[in-house]
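Below you'll find a set of structures to go through.
Next, two complexes with chain A in common: one pairs it with chain B, the other with chain C.
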Partner chain A sequence: MRYKWWGLAFVLPAVGFFAAFNLFPMLFGLYLSFTDYDLLNPPIWVGLDNFFNLWDDRLFRQALGNTLVFVAGATLPVWVLSLLAALVFDQAFRARDWLKAAFFLPVLPPIAVIAVLWRVLLHPNGVITSLTGGWWGITEIRWLADTALAPFSMIAVHDWAMIPFFMMIWLAGLAAIPPEFREAAAIDGAGPVRSFWHVDLPQLRSTAVLVAALSSIGAFQTFALQYVLPNDAGGPANSTMVLALLVLKYGFQYFRMGDAAAISVVMFGMILCVTLGQLWFNRRA
Partner chain B sequence: MPIAKLARLVAATGVALWAGLASAQPVTVKMWMHEHPPRIAIDKAIIAEFEKANPDIKIQYDVISVADYSTKLITAFAAGSGPDLFNNTSTLVTQYFNARILAPVDYAAMGLVDEGALLAKYQGSGFDGIRFQGKLYGVPSELSNWACFANNALWQEAGLDPKKDWPKTWEALPGIAEKLTRRDANGVPVRRGFDFNWAIPGAFWYVPNTMLHQLGANMIDEAAYKATLDTPAGRQVFQYFQDWTGKLRLGGPQYTDSRTDFLAGKLAAECSFGVWGVPQMEAAKISWSVLPVPKFAGGVSDNGMDEYAFYMMVNARSPSPVQKAAWKFARFYTDHAGELFAGAGLFVPRAEVTDSAAFKANPAAPFFVAELKRAKFSPRVVGYAQVLDAILRGRDKVVQGEKVDAVVPVMNEEVNTIMNRERARAATLVK
Partner chain C sequence: MRNHPIRLLIALTLAVIFAFPIWFMVSSAFKAEAEIQAIPMHLLPWDFQGLAQFRLAADIGPIWIYFANSWLYAITHVVITVFFGALAGFGFAKYRFPGRSLLFLAVLSTIMVPFQVLVVPLFIEMKALGWENSYAGLLVPGMMNAFGVFMMRQYAADLPDELLEAARIDGAAEFRIFLQIALPLLLPALASLAIIVFIWAWGAFLWPLVIVQDKALNVLSVGLASYTQPYLGQPMWGAAMAASTIATIPIAVLFVFFQRYFVKGLTAAAVKG
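After this line comes the complex of A and B, so read on.
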């Protein structure tokens, strides 16, 4: 019994910290989502009005659509390309470790730094335009100022920065597969593709779910890229406005804290559904 | 002496002692200012001088970065720890007024007889942005408007003289801008002749409003509290921006912001510097000319760019003695207008400034004073940030090539929706 109390005493600081800085803000945020609160006056209870109003909110609908496009672009290609990169770096070849380290470099700087760097590279008359448009004699491409191009520029920069990170997770998964499995497959006459499909991929199931879950959660929460990279945050014409950015705008620029909290709750629900779905899929598989 | 009497005497002495102690406590005024590096040393010197003259008042001075200023201010008010005295720009004051954060000017605490005495110090101008329902709620610490500047060297290179060739109308501007523009083989501008400031969101509050004022219109009718963008004048202005970026390819939001390029000697002319921009141009070794803002042919007003101001305001939720001390300091601070202009370029139309050597040494200063006399304040609305975003969305759509006739009515409706919602919210939330 005494031992039990000591145990509780030891975990209390961590639990207290979690309760004060995670649990309480979450619950308070949930409470705020049922209020109208302009930060300058006390919140007023409005029930579910904020949630109902969201569906009539043009800006919310646009941000939701943009977020879903970004999630698709930041999840599926990342999943496939990071796996391909891992398969390449899982092979033995000269200077592999050096190349792997170089490939991993984009993961190291904070995303805001990456955004600033790419803002320079994606100047309409900049390096990327010269590299891509030069073939067709185009000297100006509005990567960040065109409503059609800007969302894809966000996805491209995000994927460039995140693929190496997820590659490392795949590599860890590949390293955990006992070599005897591949050897047995090879003895049975399986080629590299067949061996990957029937031996490696089933063994990588948990890793696959982890990569899908982490990349989709991160993509749903994307903020810094859309805040820093375009000429104006979320622009042009809100084509890169995502839900997390809308939370900031509604809460601290429009002083509509209740609406901002309601969007956060919706985001939480979406991320929860996607994660539970992926876990269910993993168990079923 | 009966015990009851003795007890009353002890209690009275105690109360008197505490009261005496309390009155001896200095009043602390928490003051927040947005960051303007050249002003900080001057602020500190003024505070030291004030505290020396008023030992019963302490000024707790905090400087907050411009990017974080409004957010920190609002969250501080939300947490009940807002400043007693603070400054902010005229576009944002309506939010605070509506939330009853602003205390009306206390003329007695400022050592003034009445409003007339205050206005007289400022030659009557600068107060339209802080007057609500007939009362003043702040004192200007900076009054500013923009004008156009030309890079003389780039104009000469194109065989032009800004003094003679600067266009009088917006309609004539593209022709001159084209002569100054350098393009590559594909027609892409590699050096712009003139461009608007697309990078500063507030620029698209001032510039379209200025143009609309010239046409006898406005983006928002502040008195009627409704958007007036969907008018022939409104469509004309947004069509101008569409032609500028699309048909004429003279500039647009995809390029480096106009101030940066002008100071780098890569833009021949632009219209988003105030009088405070002159030292920056001198530092960049740019030979400049200051020029009036063009007008629309057939316009009804010859106003230049809309004016804006920074005001010193007092928190109505602070205790009364603190409010009085804050107003006293605000008077003391703004009486140092001459030093604030000389050291930090902050202009207010006061004799201390206009009679100063620094003012007379700045060749652009008289020009700006003349422009200010014809300038108007842009409309003030409660949900300024939301309304501005709606206008920027409309601007972006127009620049992307969507039809002006389709975009402007949507923008107008959106602005009206925001304004109506925010007014209704304000009525519900403020008790």
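After this line comes the complex of A and C, so read on.
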């Protein structure tokens, strides 16, 4: 097998690249999280101090809380609504393909476009206000400037963009169920609800876990909406400050690279938990 | 239940709610500034502006430079990921060499680490290399995606070994076997991968935002954010919507012309990644 070394030659460019731009920064970031580093002076080893300090850091706690609220709001409603949408579009009916394409449109624009677009739509006296509050004679809603409302505006925009995407994943899962299963259930006299509950849902198990995992992993990393939508990133009054945004603030505004790296490590730990949870669920099945 | 009017009604409602903001974006790009926030909203521009808002967008910021940078960013990511991903995927799938599992595990582990976690150390690395605020720093670190290696390994594993063996007996060199036998057979998978990587790269926001300070190096996603700021004391929503429309067109074109690959690719990326 003299050609076996060719395999190594073929994978080396990719492996070398990942070593330089993924694995090295991964380890370097872990190291930085144990140091104080301001880019000017050499890093000083401080052990676990950065992590202890984070625990006492009110802004970090707020960002952590905001992120968890966002993850909850970006996971459960998305899971339920994207499944319901998939059940609506799963079966053939008149004009289905056109309606499905229209429903799918939010998947197309990049996240920055979504943020800019919704900033216009959510103008206090704007279109969304007139379509919601207008019925009750309300002409001004401060969707993005009210500290109580802004986090939920972020969730609503995010969910609008993600539900069609996850509908597509559910549809792929539904398409993989052999039609005989449903036919058999129909012959046995099961209605559409019972047929879904006892035939489709058990078959959709891995899709269900996948949608939950992907939506929460994506939500943990949320950043662009909170950066572009409010007047000041993470505002008003830090009500939409999330972990990824705090990494940027500490790293590139305050040059506290050690703290920023420590927050990154915490983020990674939480995402890793979701990934491991997903593996555990799938293995149990 | 199949053709039940209720199903059609729900589908219609969903389609209208979810498509409405996109309709608002595109129609506002052709409206006069005062008309954009008109209540009740005008579904079509009453005072049609032609391309005036697009010209205004170009006056406010160097939007065509942003646009060109976005293309450069997306194309380098697609070409490098597709070619080297296929090469490495083929290597991992069809050759046995010492350290293969370990190297593959190393590649796989990079998929699990979100970019948000890398951004600080990677920025410091770029600074050390002197690549801060340059095309090298903007383009190089993300231009190869481990998902490409992972996906291509799965497809390359299905290539028939007899075909590769026959070529070897005919005296073909290993690299030629990859180029002339493996690549053409992998073409549909390469197309799906190319579309996924293009969508990801076109939407990239965090890294271009962090690594670049020069306006001339900004990609469209980052440049867009500047349109939310007032220009000469006036909000410029029309120009913002025109710029947003421009930033959406390439993905929309991909969707219309390659719908099958588009949905297949995105689904594959979600399920396997």
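Please note the rule applied: the second predicted complex is superposed on the first by the 283 of 285 C-alpha atoms of A that agree within 3 Å, B and C clash if a C-alpha of one lies under 4 Å from a C-alpha of the other, contacts with A are read in each partner's own complex, and residues count from 1 in each chain.
Just so it is clear, contacts are C-beta pairs under 8 Å (C-beta built on N, C-alpha and C of every residue); 3 or more make two chains touch, one makes a residue touch a chain.
What you are looking at is a predicted structure, and each value in this text was computed from that prediction instead of being measured.
Taking the superposition as given, does A:L276 touch the first partner, chain B, the second, chain C, both, or neither?
neither
Applying the touch criterion given at the start, work out whether A:L144 contacts chain B, chain C, both or neither, answering first, second, both or neither.
In the superposition, A:L144 touches chain B alone.
If you stack the two complexes on chain A, which partner ends up touching A:A237: first (chain B), second (chain C), both, or neither?
A:A237: touches chain B, not chain C.
Answer with first, second, both or neither: which of chain B and chain C does A:F252 touch in the superposed model?
both
Tell me which partner A:Q221 touches in the superposition: chain B (first), chain C (second), both or neither.
Touch status of A:Q221: second partner only.
Name the contact category of A:A184: first (chain B only), second (chain C only), both, or neither.
Neither partner.
Using the touch definition from the top, say if A:V11 reaches chain B (first), chain C (second), both or neither.
It touches chain C, and chain B stays clear.
Quick check on the superposed pair: does A:I44 touch chain B, chain C, both, or neither? Answer first, second, both or neither.
First partner only.
Quick check for you: in the superposed arrangement, does A:A72 touch first (chain B), second (chain C), both or neither?
Touch partners of A:A72: none, neither chain B nor chain C.
Which touches a greater number of chain A residues, chain B or chain C?
It is C that touches the greater number of chain A residues.
Kindly list the residues of chain A that each of chain B and chain C touches, one partner per complex.
39, 123, 125, 252
Which of the residues in chain C come into contact with chain A in the complex?
1-4, 7-8, 10-12, 14-16, 18-19, 21-22, 24-25, 28, 36-37, 39-41, 84-85, 87-88, 90-92, 94-100, 103, 106-107, 109-110, 112-125, 127, 140-142, 144, 146, 149, 168, 174-175, 178, 202-203, 205-206, 209-210, 220-222, 224-225, 227-228, 237, 240-241, 243-244, 247-248, 251-252, 255, 263, 266-267, 270-271
Which part of chain A faces chain C closely enough to touch in the complex?
1, 3-11, 13-15, 17-19, 21-26, 28-29, 32, 39, 85, 88-89, 91-96, 98-100, 102-113, 115-121, 123, 125-127, 130, 134, 160, 163-165, 168-169, 172, 192, 210, 214, 217, 220-221, 223-224, 227-228, 243-244, 247-248, 251-252, 257, 260-261, 264-265, 267-268, 271-272, 275
Write out the stretch or stretches of chain B touching chain A in their complex.
Touching chain A from chain B are residues 70-71, 74-75, 77-78, 95-96, 99, 101, 184-186, 188, 190, 198-199, 201, 252-256, 383, 385-386, 389, 392-393, 396-397, 399-400, 414, 425-426, 428-431.
Hey, which residues of chain A end up touching chain B in the complex?
It is residues 36, 38-42, 44, 58, 123-125, 137-140, 142, 144-147, 231-232, 235-238, 249, 252-255 of chain A that touch chain B.
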